[in-house]
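Shared between the two complexes below is chain A, which pairs with chain B and chain C, respectively.
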Partner chain A sequence: MNFAHPQDAQPTPEVTITEQRDAPVQMGPFTGRPSFIFDVPFPQAVMPLGEGDKTIRLWSQPTMRYDSARATVELQPWNIRLRMEEAGNIPREIARTFLTLWTKAERQTLSDPEKSRWAEILEQVDFQQFCVEHAPTRYVQGLLKTRTSAATTVLWQDGTEENVTGAPRTALDLVNEGEAFSAHVRFDRRARTAEIANIAILGDPVSLQASGDDSWIQKR
Partner chain B sequence: MPKAAATKTGKPPLIERAALFHFHPIAPDDFTVRLERWKAMVVESYPDVETVPEWTVNVPTTNGIPDFTAVQPQLSLRHRLWKKTDGNQKTWAIQCFPERVTFNVVRKNNELHSYAGLRSEIEAWLPAFSEAFQVRHFTSVNLEYLNRLDAAHTPQFMEDSPTGKIIRLAQALKIFSNIRLNKAPGLIVPPYDCKVTEQYTGPVPGQMALAIKGAQSGPAITVSLRFSTPKPPHAKELDCATALERLDSCHALLLEAFSNVFTETALKSFGLLQS
Partner chain C sequence: MDPETLIVDFWDVGQGNASVITLPDRSRIIIDVGPRTSPLHDWLTLQPDKSIWALVLSHNHADHVGGLPSILAIPGLQIDTLFMLQGPKGGGPTFPWILGDVETAYKRGTIKNVLQLTAGQQIWNSPDRKVVLKIVFPSFLPGIHAKTQNDTSGIVVMESCGGGTVVWAGDAMFEDVCTSTNPAHPYLLHGPHHGAPQDYPSHDPKRMHRMLRTLAPARCHISVGTLNTYDHPNRKYLRHLADSKCAVTCNQITYKCDPRFHVDTPKPVMQIHGRLGLRPPPTGIACRGPLRLYVTGATIKPDEWVAEHREKVQKRCGMNALCIPTHA
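Coming up: the complex of A and B.
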């Protein structure tokens, strides 16, 4: 085993906490605070809402104006100004600003300055994605056709067949192969299942037919 | 070489243990979303969330002249989750990055946490982390022990000098014990900073790094010992169980290194060797 590869020569990042407290970055022997203004990208384009299942996605990383004399960062058109050490709160502030203006837009209570700011913000945000993520769930019925280690195949009531993967797939664990079910489902912009809740097991199609059930599963 | 006894029986000046697990980088957007889910998963145990901004400023130079017009500061965020402990002390932390995760335990109220404690914490959370962030394999493992020599932790090595209090490094650390630049004996004064790295190709390949760093204020130094297993392409991918086994090997090697870095006098004063 050797370490001749160049990447092994790179320094390993600091991992301890205590040492960092003792070693703040030194800029140099300045007298007074030097005044510099820079435009710096904020290293995140996705702003989480809640537990990450809903987000505000920007088309690109937002640009912050870093003012060394005031020790602040400022984001426009979000109208956010924070102290440099609070820059970690930017995702929260962006989310708050967006939700506040969105609510006002829904209620048609935006002031004129807010309208122009909202228009500028909408140019930076994937609003379609936001609307899809915030759409309410729909009541649907489906038939669990097959289950493999990779995906669970569902035939939905509109006749489409989907391989459900990821987190929504685990919600279907209670349903057996060949069983019909109902659920509240949220679909993404490509009409793929993004969330499943309130699953009810309807049973197998044969027994449903015997009981005179008139749900879609008998009419297909 | 004298071998130190198990650290739990002595009082080494250990102030922090940090275990680091590298993995293949997660795309930034995916990392943001998965981090929020992870926070929700661990909130009962690690409710105190810190997002620490870290600024990097590079000033390019041309022919030795700094070009301030080309300065581009960069911001990165360090996501740190603290465990709630008795007395609301910040003692246990998990730090998440798009290509690594660290588990830290910091000494508080003079309470020294054992490696076994850190290991069981990692054993409990690493598989959950792996699932939440969809990390299939880890690529390398580091373990770092940070020791501090100062008036609070090692008063036995403090000494008054004409320039104020200093640390008697020659008595504490072997690396300083044979320094004699002139015939007349002198005092070693700050700065003490130095680094050395040793490479191993034996049954546990990797690098052992020793870093000694002076504190910003007061007569104090930190003595860091870190063992890092090789990174790809020299390493195999590790599942959680294998990564923990590697961590055990790192711990054993760090104990050995500790007893070789500190002098016999120091080890005795820490209660790790019989007087």
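Coming up: the complex of A and C.
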């Protein structure tokens, strides 16, 4: 499956002048400035968060509305309005707005207007990618089956087998073949292990198994 | 919302099952936890209150319980009662590892009680007894359902006095779903077996269709992963349901509905996970994503995105969508 993001290749933004609200130009000394409203697609598709290892990726370009009379720029449906000279802060404001609404959504504290804005914003954001990047690490156990020069094969405790490659593979260097280990892992967009931390060597996998006599069921 | 309302979330965990029922007192009942990559772990980790009234594991397959070891390791988690089957035993060394984790969690007090999943157990009921959650299958009494303990799947039913029933069919045989669900016509049937019941179509398709007509669920929610390698869901089964006026939804889209999904962008049909404050799984392309039901003693209502989803899936997949009736 091709996971290339459609926004990776950016088309040239088209600028449209949607409205001219100014009165006809008066003869005589210039007293005000002409007023125009420009609608421009916001060209940046990936908003960095923090140090940039986490991102917010947009499926579609939101529209930036420049209002020359008020000297403001507005981004909808994000409900972001900034002074024109602060337009460079739009990625930061997008990230802030998204994180604020996401936190409220997870805590079930969105107000009704926020709910509808959140729904509109979600239509523009690759939420799955965001959640993959923001997932906490999780505890797992596995058995290192084989190690070759190309990959390390791990049998995870749910029965799935995975060829671990790249950086996570290096983390398994301490584990011998046939040894069981526990670790905290994070997955990528293909459910492959993207990060392994806090490795503990558990030794012989037989010792990890349940007592085997089913007696635990009756222990209650 | 009525303070006595139960919120039932059928999570999108890709190929696998996981449901969370939030009780009126905010404690939870979880039915299956999904695979190793289940997003339920990430969500539970960040919940301030991690108490679980009951955890029900319909059966011990990786796509239903694979996430259990990670979930049991969440700090602060408290499970009052775990309902599970005792097998399978012959599945190699990996499943005993999961049992080992359950045993460890039981010993350290994370799980207070471990009960064998068997018909007749009542998991929860409302104080006025208008909503009841119970296990209806399997029964291990000889001569009634003489199945082995290792090779079957539990069926859980929620009965609302005035709203109807919700059936968690796990990976049970379709015939078992029909015979153990009483009364028929459930409001929602979840599954069975990711939209591909193992006994459908059987050697007697007419009988199966008759049973399906008798069961006649009003809604059916299928938990199927875009990237599943089992050729789920069963095209005929879904078409049959849709044509018999059952409102069918799947958590993820498959090539059967959208043959071009592998060349188009992986944009989901809808991202309802986020709207509900839930998380998506790392893989697959959401179609309906999760489904939420609001259950009281008098009614069962779905979330507000039923019509919007239908419209979007029709726009994207046209008549290829298995949830759209052929005569629509």
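Note that the second predicted complex is superposed on the first by the 115 of 220 C-alpha atoms of A that agree within 3 Å, B and C clash if a C-alpha of one lies under 4 Å from a C-alpha of the other, contacts with A are read in each partner's own complex, and residues count from 1 in each chain.
Convention: a contact is a pair of C-beta atoms (placed from the backbone, for glycine too) under 8 Å apart; a residue touches a chain by one contact, two chains touch by 3 or more.
Note that the coordinates shown come from a computational prediction; the quantities given were computed from them, not determined experimentally.
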Touching partner for A:106 - first (chain B), second (chain C), both, neither: second
Contacts of A:48 with chain B and chain C, given as first, second, both or neither: first
First (chain B), second (chain C), both or neither touched by A:38: first
Partner chain in contact with A:140 - chain B first, chain C second, else both or neither: second
Which superposed partner A:84 touches (first chain B, second chain C, both, neither): first
Contact residues common to both interfaces of chain A (with chain B and with chain C): 1-3, 5
Residues of chain A that touch chain C when the two form their complex: 1-3, 5-6, 59, 102, 105-108, 110, 115, 118-119, 122-123, 125, 127-128, 131-132, 134-136, 138-141, 143, 155-160, 187-191, 205-206, 208-212, 214, 216-217, 219-220
Touch list for chain A against partner chain B, complex: 1-3, 5, 7-8, 12-13, 15-19, 22-25, 27, 36, 38, 40-48, 50-53, 55, 57, 64, 66, 84-89, 91
Footprint of chain A on chain B - complex, ascending: 15-16, 18, 20, 28-29, 32-37, 39-40, 50-53, 55-57, 68, 71-77, 80, 93, 95, 100, 102, 104, 106, 142, 144, 146, 148, 199, 201, 205, 207, 209, 213, 215-216, 220, 222, 224, 226, 228, 230-231, 233-234
List of chain C residues in touch with chain A within their complex: 14, 35-37, 39, 41-43, 45-46, 62, 65-67, 69-70, 73, 86, 91-103, 106, 113-116, 227, 261-263, 265-268, 271, 273-277, 279-283, 286
